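Both of the next two complexes hold chain A, though its partner changes from chain B to chain C.
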Partner chain A sequence: MTIADPSPQSTRLPFNIAALVFVRERGIIVLWVLLLIFFAIYDHPYFASVSNFLLILNAASLTAVFAAGVGIGAISGTLDLSVAGVAAFSSVVAGKLIILGYPVWLALIAGMSVGILAGFVNGLITRRGLNPLVVTIGTLSMLSGLAAVVADGYTIPGLSKLTFMGTARYFGIPAHVYIVTVVYLIGTIFLTKTRDGIRLVAVGGNPEAVRRVGINSARYQLLGFVLCGACSALGGLMTAALVTEASPQANPGSIFEALTAVALSGVSLGGGRGSLPKVFVGAAILATISNGLTIAGVPPYWATVTTGVLLISALVIDRTLTRTISERLVVMSGHISHPKKP
Partner chain B sequence: MKTNRNMPVLKAAAISLIASTIALSACSAPATPAAPAAPAPAAGKKTITFSPLALAIPALKGLSEGVKGVGASKGYDVIVVDPNFEPPKQAQQLQELINSGRTHAAWVIAINPGSMKPVLDLAKEKKVVMVVNGVPADYGYNGLQPGITFSRINYEAFGGGVGDLLGQCVKAKLGGNAKVIFMQSQEGAAGKKEQEDAMLAKLAAAAPGAKIVANIITKDRAGAQTSVSQALQANPDANAVMTTTDEGGLGALGAFKAAGKPIPCIANAGGNDEVLAAVKSGEMYGAAVLQFQKDLMQTFDAIETMLKDPSAPGKQKEVPLELIKSP
Partner chain C sequence: MTTPALNLSNIELHYGFVRALDSVNFHVNPGEIVGLLGDNGAGKSTLLKVMSGAHRPTTGKIEVNGRELHFHTPKDASDAGIQMVYQDLSLVEAQDIATNLQLGREQLRPFPFNLFGIVDHGAMQRSSAAQLDRLGVRTAPMTRPVEMLSGGQRQVIAISRAAVRVMEGNKTGHNGIILLDEPTAALGYEQTRLVEGLILKMAQEGIAIVLVTHNLPLCFKVADRIVVLNRGRKVADVRKNDTDNDSVVGWITGAKAAEVTA
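What follows is the complex of A and B.
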């Protein structure tokens, strides 16, 4: 393999760099398609059906909502680990209000509000220069405890009024799929088409540079926390709607799966790079593996092993590809700056 | 020099290949001997799925091995899934297996019965027979359903038995007065309220002089041991332990031993092998033990009966319970 000798007039990348960029940017979609084909063959005749595909999408939806929050946070340069605590607290607050006889809409607004507030508090504290990981671990602990206090240590059952956004199906498609579609549409438009969204991404890439051009970077990182809190609260409400009860127990699995989906999607955990639709594909990959292995009857431990392998592989591959692309581009720019003499 | 420039590309490609191979080999790795490695069951064989609360619970892991063993001896393929205490995951896994036609029967210890009605409705539609914990009302039904047998754990009796055992110990060994460390289940645990209320009521009835001096939420054995050690700092004269789980009882036993204190009155709910041995040796006074092995056989009987006619109404049964005391 040789490096092409690009002329200064050419705007196209050499093939080998373009291929690496393609693998980094689109590899996750290829991986998902390969997994679907693999399980369609391996689990024949049980896997390849429309109803099973809808189940995969439904299973991916919850992870995808949590992952959207973690992903937006990561893109803005913050990592929020309080996701599970926010979800538990929001669902318990909403559940308590519903049980007390308040209207469902009010309970949902209250649940979302406490999530947004939790994100705001996380952001405010980290603005003082504290490490976001430590701060959000503290918030996770605090909110889990508060959820248990509100629920008096017990689950809050009987939330059948929430089934419209839980087990209900509309035109044969699960309610969660509609919710996640709306979340991802709004999130993608916000990050790519609005001034605040573009600035949020820029802040994640290089907060100091953004600050020097007069943008309040801390404000956008706070916004990242708030959006993460909102997504976490929504995930908690969706979980409560699915099981028709609110559990005060924070589920650490939600943050693990969300982080895996985010890492798989190529979102830079250092901030500044990432695509929300690919985060959904990351969640769909996890759901596909879980579905395929469950139907195959493979011992459940392998699903955990596979998820861990995927997470580490994704990080290693992303790091290697990014470094390789950078090195290639540096070499290429050298060719452009110092073209070969005839 | 060209080779050097290409090294990162080759490295990336190699890592991608290795990662994909590991991931795919993990997907297709052979199962443990008792579990099927290939998705399709042997011709004519029916498949039974077992979905417990979580395989992390030793008693349920042991039960899953029992299900595999009994299933194999009766000519069934057995799939064991692990929802790991996550209700949405449990519903999702079962929907996948039922919807795809992969399983013909399922034994489910539901984490949250209230969320399982869509799964049971799907099973009825697909003629997949089910044995689930609880009673029809837990799942939103008014009565027994075709192809579904309900198996109830009597939490009042389960908890009440523990309270009664501790009361007996307090009267027999401590003269009717005791300072009790009460080790409760985690938030959201199934039957927590019924079980714990019954424990307290029966203890109060059997030994009115027993006083609760510390409440501890039990998450795991190590955590239980640490928490009891801390409780002993505040209540050095505590001399009885009432617990809802094996992990709590064994953790408490370890904490008293580590503190060099006399073994207290301990009454336990659960009954894994280590607890049974502790009761036999006299380190624990007694335990309320769910007889899962007996339940295993009656569950298979129920499944086989229902498989003959999935449209016939199932039954209501109860998990056998036994109270054991040290000799």
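What follows is the complex of A and C.
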């Protein structure tokens, strides 16, 4: 006996739905390409060059690293706002160690470790059933305070030993671009190809379902916080390396830019869906707009306005597409909401 | 006389002064489908939770395949070969059918990739397709996200996962027991037919099935035996062929005197 599905969609999606799915899944990449083409024409001949493209990637890098942290957090079902605090604290810790004469590698490991530890603590506190937003706002304030304590309230200058991962270029490509590439490569493989990554995404989508098949879902929520802490710390160290000083001041702009890139990429803030490469494209779009408008001589605040408009339109379009797709699927599968008599 | 796959005797469960279950005897044989009916608050969900290990009875004995067991957690019950399919679906919406079916038992790629926990998507899709084939289920490609499936398809996937787990994780010496809580609650006619077929197929494979439902036509169609609870007591335990719709409604509402024949 075969339990044959009566609906016709059993094998393939019809073309119009497949097209809608394509727009929803790949729309952000199309948008980026369109923006690149638009500015290439509008800012001719200054925009469309390899060196300007590298500038855009470089400018996108910092946001992209923070966005990777926020994005992985969001995919695993948590929202970590302590990003800026973790970044400030870990850069100050690393900066202080370098000034005190410790080797650079040790300072970097220490900086990364405090970030991971901060994520761990965030996760442990949230595990008690507290709202992650409020908890991480608390740790944000705590960590930026602690950063000021470590740095005695002043910016730590003279970190020229860090330029190798800041302004340095290798084969003409900025150091930050290499770092971002590695982060996104590892992150993407982790989320899509490894058992723990797949479970992390599943926990973000439906923790109860994961728990019911016998997996400890709390462990994976903790992992989400730890990975977010690690990315935040890396972003802090990259910032310090770029400006060769470590500021104890948490920069709230970093979290909002990162959140914008994440939301633009279609990562659900409710968790369970999203892809890291698209998060990177989100960050790249922000950098492209700012770069293209600057070259055109448009005052920079218009870039902020454009970003806001884009973000809201992206959300509206995504919602509309998702609704249309599910409506069409329901119609197609012959779903009958009122049982009819046999 | 076969040994029941699952046998509960004299189960009592008290919530404070409320007696949710009052010396209930219940059994289900391998390959048998028992419809567990009752009005809201009659105790059927509570009884199901006792079977799935989510609740511990105040007194009473639970035997699986003739062996007395004590369930402290749902994991104990699942280790004993009992799988519960919940009313609200336990699937991860954004992930595909294969991932959902293999969740918690993902296959890894061979050395050296397994050291990094790299999963073998191809193998997972193949074994998922084979498992569904064995149950005679054909729904959609294994790579289709669950959120793009109809309600009936989702329910079929959730039930199939439970069936695969009792059939394959079988070190218990019996064919497994599946507890279904309102499997057709949100489904239309065609969708219900899908689930119906799957329930019958699982019974053919020798799985013992307890079906909690408000859907009397479904119950009469698939169940071998019907058990009715009313205010925590078992008021009927009859073979389906020995009864009719009106009697069952009478027992559910309390209008008909208790009758335990099976």
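FYI, the second predicted complex is superposed on the first by the 324 of 342 C-alpha atoms of A that agree within 3 Å, B and C clash if a C-alpha of one lies under 4 Å from a C-alpha of the other, contacts with A are read in each partner's own complex, and residues count from 1 in each chain.
Just so it is clear, a residue touches a chain if its C-beta (ideal position, glycine included) is under 8 Å from a C-beta of that chain, and two chains touch if they have at least 3 such contacts.
Small disclaimer: the values here were computed from a predicted structure and weren't measured.
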Task: Greater residue coverage of chain A in the superposed arrangement, chain B or chain C - done: B
- [ ] Using the touch definition from the top, say if A:210 reaches chain B (first), chain C (second), both or neither.
- [x] second
- [ ] For A:323, select first, second, both or neither according to whether it touches chain B, chain C, the two together, or no partner.
- [x] first
Task: Partner chain in contact with A:49 - chain B first, chain C second, else both or neither - done: first
TODO: Considering only touches as defined above, state whether A:273 meets chain B (first), chain C (second), both or neither.
DONE: second
- [ ] Answer with first, second, both or neither: which of chain B and chain C does A:232 touch in the superposed model?
- [x] neither
- [ ] Scan A:91 for contacts with chain B and chain C and give back first, second, both or neither.
- [x] neither
TODO: Examine A:300 and indicate which partner it touches, taking first as chain B and second as chain C; both and neither are also allowed.
DONE: first
Open item on the list: Shared contact residues on chain A, chain B side and chain C side combined as an intersection?
Closed with: 1-3
Task: Residues on chain C engaged by chain A in the complex (per definition of touch) - done: 74-75, 78, 86, 89-95, 99, 103-104, 106, 108, 116-119, 121, 135-141, 147-153, 156, 161, 187-194, 197-198, 200-201
Task: Of chain A, residues touching chain B in the complex - done: 1-3, 16, 20, 23, 27, 31, 38-39, 42-47, 49, 51-52, 55, 58-59, 62, 148, 151, 153-155, 157-158, 160, 167, 239, 242-245, 247-249, 251, 253, 289-302, 305-306, 309-310, 313, 316-317, 320-321, 323-324, 327-328, 331
TODO: Name, in rising order, each residue of chain B that touches chain A in their complex.
DONE: 2, 5-6, 8-9, 11-12, 15-16, 19-20, 22-24, 26-29, 31-32, 35-40, 47, 55, 77, 79-82, 84, 86-89, 91-93, 95-97, 99-102, 112, 114-115, 117-118, 140, 184, 186-188, 192-193, 217
Task: Complex contact set, residues of chain A against chain C - done: 1-7, 9-11, 189, 193-196, 198-199, 201-202, 205-206, 208-210, 212-215, 268, 272-273, 325-326, 329-330, 333-340, 342
